[in-house]
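To keep things simple, chains are lettered A, B, C and D as they appear, and every chain counts its residues starting from 1.
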Amino acid sequence: MEAAFSRITMTAASAMLLLALVVLWRRHAGAYITAFRTQSIALAVTGAVVASYGGASELFFVSFMILVVKGWIVPSVLSGMDAKRQSARELRPLLNTETSLLVSGALAVAAYEISRPLAEVMNLPTRGGLPIALALVFVSLFIVVSRREVIAQIVGFLMLENGIALLALLGAYGVPLIVELGVFLDVLLGVLVMQAVVYQIHDTSAD
Amino acid sequence: MDPLMTDALVIAAQTAFLIVIAPAVVGYVRLIKARLQGRRGATIIQPYRELRKTFRKGMVIAESASWIFHVAPFAIVGATTAAASLAPVVSTVQPADLVGDLFVLAALLMLGTFFLALGGLDPGTAFGGMGSSREMTVAALTEPTIAIAVLTLALTTGSTSLGAITGTVLKTPAYAIGPGHALAFAAFLIALIAETGRLPVDNPSTHLELTMIHEAMILEYSGPYLALIEWAAAVRLTLLLTLAANLFLPWGMATSLVPAALTVGLCAIVVKLAILGLLLALLETRVAKLRLFRVPELLALSFTLALLGAASSFFTK
Amino acid sequence: MLGAFALGAVAALVLPLGAFVRRTALVFAAIGSACALALSVSVLRAGATWTGRWDNLLQPLGGVSLRLDSLGAFFLLIIGFTGLPASLFAIGYLKQIDRHMRSRATHTLFNVFLASMCMVTCADNGGTFLFAWEVMAVASYLLVISDPEQRDAPTAGLWYAVMTHAGFLALLAGFIILAQGGSWEFPALHSASTLLAPRARGAVFVLMAAAFGSKAGLVPLHVWLPRAHPAAPSHVSALMSAAMVNLGVYGLVRLVFDLLPPGPPWWGGLLLGIGVITALTGVLYCVAETHLKRVLAYSTVENLGLVFIGLGFALLMRGYGYGPLASMGLVAALLHTLNHAAFKCLLFLAAGSVVHRTRNVSMEMFGGLIKRMPATAMLSLVGTLALAGLPPLNGFPSEWLTFQVLVAGAQRTAPALAILLPLALAGVALVAGLAALSGVRLFGITFLALPRSTGAQHAQESTWMMVLAMAIPAVACVVLGVAPASVIPQLSRIASDLGQPTGPLSAGLALSVPLVASRMWAAMIAAVAVSAGVAAALVVRISGRDRPVRVGAAWNCGRIIQSARSEYTAAAFAEPLKRVFTGFYRPMQEVTIDVHPTSRYFVRSIRLRADLAPWMDEVVYGPLVRATRGVSDRMRQLHSGSIHFYLALLPGALLLLFVISRWIR
Amino acid sequence: MDLMVVLALLTPPFAAGVLALGVRRAPARVAWLNVLTMPISLVAAGAIAVRLATGGTPVVVGEVWRIDALSALLAVLIASVATLAVALGPGTAREEHSQAAEIRTFRIYVNLFAFTMLVAVSTVNLGLMWVAIEATTVTSALLIPLHRTKASVDASWKYLLIGSVGIALAFTGTVLAYVDVAATGVDINVALHWTALREAATALHPQVARLAFVFLLVGFGTKAGLAPTHTWLPDAHSEAPSPLSAMMSGVLLAVALYAVARWKVIVDVAVGSVFTDSLLIVVGLATLAVGSLSLLSQTHFKRLLAFSSIEHMGLACFGLALGPLGTFAALLHLTGHALAKSTTFLLSGRVLHRFGSGTISATRGLLATAPKTAVLIAAGMFALGGLPPFGLFLSEILIVKAGWAAGHPLLTTAVLILLLIAFGSLLVQLHRMLFGEPPTGIAQGERASGAVLLLSVPVVLLAWLGLSIPAPLQMLLSKAVMVIRP
């Protein structure tokens, strides 16, 4: 049973990593938002699986919160922002796709190397997923740095948050509830404020 | 008489002697120069007559002159007399050692030049300014030479006070012949020429604006003031000649205050002054006046001579 | 003492504006300086030490502890002795800024400045010394920039503040190395320094000598002095020149003779060399400058150079183990500090009253003031004679002693000094000669002949208070000049307190240097000179009662009208010297000839602009300033504002720190 | 009793913020009301500080709040700077004519900003501390573009994005440490408590602890404006309204450094202090260098003040790494810097208002136009330059002394040189502002002297701090040092 559980969490984590690569590969904002939405859903699923296996009851509530906040509210806000900008033109990234993918590959290897001592310490079955979570953190950091458009940068930042949540989930079955709630509040507020500031950028740059 | 009185008497006598024979020395130098230039020349006592004449004349004071103009001549006379009182004329037993040494003497001479320059500046004429500026520059540049000459003497004789120097040199003539003293003597002579404004540095007998340094400062003076300044200049020349004579060639000076030795000393100093005067006159007829901005090179030469003297006396000690 | 200054500062802050503030604040300053004088004299005479300790102040630096020993008392005496006339002078001098808000600030700062200087002399631990040192720097910096009429005061203040702060940081480093983590009390430092490695001791010496040297205006750290002193109000620049620069000397003597054990001879050699260079640079610029106060500032640099020659000589002799010679050098240095304080305070106050009355600063605009300001002229003559180092006045004894000490040193010591000491002696002699020249120029051009500007034309004498303020240091100059031997016993006791075997330096009334068997009986010399002068005057007076004395026009090659244009100006006076030392001065000469349009041969006007830019500042400090500005510009381009570069720095920092963390074991 | 004190500390800013949110109509009256609420939390913070200084035990309320000496010190600083900022913000000064909407947004977010900082400092749960610090970014980001200029919006976006990404890295570090601690079998819901973490730290895996500290240092370093991640600070602080930049420069940077100090204690127990000290020294020196070297060529005086904050943060960070004496000096330095920087920023707000443009070349002749403000700004700049009568003089000497004692003579010499360059540059810029001819058309004379009087209080406090540190503060500082270096 434990082997199956760890394999499920590994596949979910790698799915989230793949979705991050989608952002690096695709050029349209809409694609970014869907990638983020699916990633949040995958995170919620992992949360539920860990909750059921690890027996931590409040994790169910947390994964439900992830589903609601990151799966639905934030993507809707993002698409609202994207619609307002109407220019569906192709977004030229700073680095071309090939180098971006190569770099993210290197980052994944680096993450794996860095998290090796962490695995020794861990005794939880989800040990295997940790390097992937760290890789997701590094890749999303790379997204934020290498993307020129505001939407991509926000998506990168949110994926970074997902990466950390995944790390916490796999590492120690989630951080204490009060901190988890705080993180949700921060993410929600952060996105709303980013939205407000982005609108102001458009107002001031337009006139 | 108690020793204090004798000391005071000896100092007073020596100073008086210097002051009295000063104009004669100047007259003597002029006479020799005239004879060398094939002229009859005035007698030795001619300067006394000139001084008496100017002393009786009325005075013309410049409008812009202030009290400095009136005080300057007396300050110059005072300073030069004080300097003369320190000089060893006849005997090596020098009571004035208690009062001052060679540096003090040099400083007193500088004090005289200081007030002379101020007197020159006061009337506010171009000549006064030019004279005092050039005089001060030359005086400033001779200071190092005098200091190093004194150092050379001090290195060999162990002290800077005049009596001690003449005494030790008299006792061990080997010093006088040594390289240190010779070089210092040459340097001192050049410094003497610059200080008293003799020929290569400044022409004492000219009134040509561009060349005169000493004369330019006293252009505005007349009557008794002029007499005093001329007399002080003469005393200054005699003082320096006596120093040149006694510090470097002290033979014939009395070693004790016995009247016989004193008279011998007296004759010795007169003879030495005569020789030096002859030397000076000879030099002045042979050499032409240096351009003012070449004078510092001459002074640099004298400074190097003095420095070599100091260094050599250092190593041969 | 400190209480009086505190009262003065508070009075200046609290009392309503107007003449009342000025009078009370400055009277308190005068009272403060008077008790400083009294305290120092009592300590010097009785030999006891005055101590004070407040532990609740500056706790992190080990509390405030004060101890006044003989060395501190000597410098406190100078501060009190110059503070008194400066405050009295200020009462008359600062009348016109009463209405202005600035007068409140200047008076408070003046009291704070005096108080901090007194604290420096009696500080007994590193913390108090540094605190007092920096408060003194800040107070004087603010005073320098307090005068709005001075256009270049802010830049002068800037140079001054940055250089003193650099000195302060060097001092801090020196104290830290000296204390090696132990307590910063001076006695503790004294014992701790014995087990300091020679290399560390050398480092402490160089650091603190640089700091004290920059305060005392040693070349090349002197550049702030000729800028700051002319910019400050006269009573402040009098205090800065006469008292503050001496604290650099105090600091060095305290360091070398009290805190550090006897060091190697190269310490003395270094100071001696720098002293000679400083003296020469100071006097050469002092002769060539035309701004009255800058002339005096450069003369401060020169005199401090002479003091450091004495100090350097003392250290050199101690290095070679000639104890008595070392203490003679130290006494010569201290005597010259005292003499310099007296005549420099007098001259700066006189300069202040001249500038105040003629509304002008350049010497080219003065002239004929002796008739319009007789008292100031008379006192300035006394000051100038002292500056020139001529017999009746106090400049001469200390110069004479320095000569004697150098001659005595040249005789005794190892051949290695055969080159250094004669050169030093020649240097001092040249400086003495040029000082005489600068004295003639300073007095002659400013006071004599005809006024060169309307300002000089309408000048009147200063108020009696200002003249009285100038008279105090003048009397001191004469007394010290005529009877220098009276001060020698105290000075040699200071030397013995600092552990130097004292050579017998004075016998009865005359200064005597036994090793060289030479004496200088100043009183007798003055008496002989004065009596001869008076005798000559009497003779002229008696014999010429009926002689006609006529006032006529001075001979100016036949020109009829007597105008000031034919007079020698300050620049012209220094022209022969500039020609001799062109290598040093590097004068900038700019001749513009305005030619008549019709033909090249008819010249309408020729304009000559000759300037004397002190090249030393540019050579030493130019590159430093340009380098900092360049680095700063490049740093500004770094923050170009592109968000990608900023964001890239985040993973960059992560990577960098990760590599470092792997590297640290 | 503890609950009462903590409530008195935290609720006033929160309540004021919510009130401002609710009441739309009369923002000016709300502003004046707000001026009354902030001092309550100042008094509370003061009470806690005095209690702790006189030997009291840390204030503990439930599982969440624990205020020990270090937190009390920070709390006092935050409360005092916030009171100043709130008192001098838009809506209270008579002659400022900012619109009602601006006053309302300012009042909402300034109070929330103060509240989040107080929470960050007083919670024992390091996760919650992270949440509060992230909240500070969010609440202050909207305030920066208060005046709607393109540059301020741009600056706010940079601040928000870099701040959030940086803080996310800090959260990664927190999670890594948490994973490590959870693995050692500590009870889950108390695992992130600072006290629990300190006990469990011995069992932490050294490698993971190092990795976590690297993330934490970079994360919180971004918020504290430490070297490579300081780039957002000059834009944000120079574009923000001056009361906000006073709070951000004065205390927000100190709060971030507080967070680094909290984690440093834990990692020191796990890995020994050599590791963290070396990192702090490297980052501290780099920050000091960046800060002091870029002062000379700044053209805007608020950017100048921002770079001076970077320089002082670098010095404080360098101080933290030098043993107990260095930590004492660093905390004293933070206290002095908070006072000096907030006053100078608030004054620069008045100058900006008076001269219209923020460039230094446009603000010539300040001494002639507004003497009192000019004198206060000069005093502030002298304090920042480290001149004697002010507190920073003492702390700079102590830091240099500690640096030498800790065996880094060469590094400390570099610090001395950098301090000199910083002092010189500050003075050069100050001279450009104070002297010279004031540009034509600038209103002469002093106005709203009430504000100037209020601002002279911190300057006097700073001078008093420079002369003799009051006993309670001395005790508080030494107790806080005990917290960081047991």
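The definition used in the following text is that contacts are C-beta pairs under 8 Å (C-beta built on N, C-alpha and C of every residue); 3 or more make two chains touch, one makes a residue touch a chain.
Remember, it's a predicted structure, so these values are computed and weren't measured experimentally.
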When B-C and A-D are ranked by contacting C-beta pairs, first comes B-C
Min distance from chain CA centroid to global CA centroid: chain C
In whole angstrom, the CA-centroid distance of subunit B from subunit C equals 35
Note: subunit D sits from subunit A at a C-alpha centroid distance in Å of 31
Subunit B and subunit D have mean C-alpha positions lying a whole-number Å distance apart equal to 79
Between subunit A and subunit C, the Cα-mean centres are separated in Å by 71
Each of the following residues of subunit C touches two or more other chains, namely 647, 650, 658
For subunit D, residue numbers touching 2 or more other chains are 154, 157, 161, 165, 169, 211
Multi-partner residues in subunit B (2 or more other chains touched) are none
Seen from subunit C, its contact residues with subunit D in the complex are 56-61, 101, 127, 130-131, 134-135, 138, 145, 154-155, 157-158, 161-162, 165-166, 169, 172-173, 176-177, 181, 628-629, 631-633, 635-636, 638-639, 641, 643, 645-647, 649-650, 652-654, 656-658, 660-661, 664
Subunit D contacts subunit C in the complex at 154, 157-158, 161-162, 165-166, 169, 210-211, 213-215, 217-218, 221-222, 227-229, 231-232, 234-235, 274-275, 278-279, 282-283, 290, 293-298, 328-329, 332, 371, 382, 385, 387-389, 393-394, 397-398, 400-401, 404-405, 409, 412-413, 416, 419-421, 423-425, 427-428, 431, 434-435, 467-469, 474
The residues of subunit C that touch subunit B in their complex are 367-368, 370-371, 377, 381, 385, 388-392, 396, 399-400, 403-404, 407, 410-411, 415, 418-419, 422, 425-430, 432-434, 436-437, 439-441, 443-445, 447-450, 510, 516-521, 524-525, 528-534, 536-537, 540, 543-544, 547-557, 562, 564, 566-568, 572-577, 579-580
So, in the complex, the side of subunit C touching subunit A is made of residues 644, 647-648, 650-651, 658
In the complex, subunit A touches subunit C at residues 94, 114, 138, 141-142, 144-146, 148
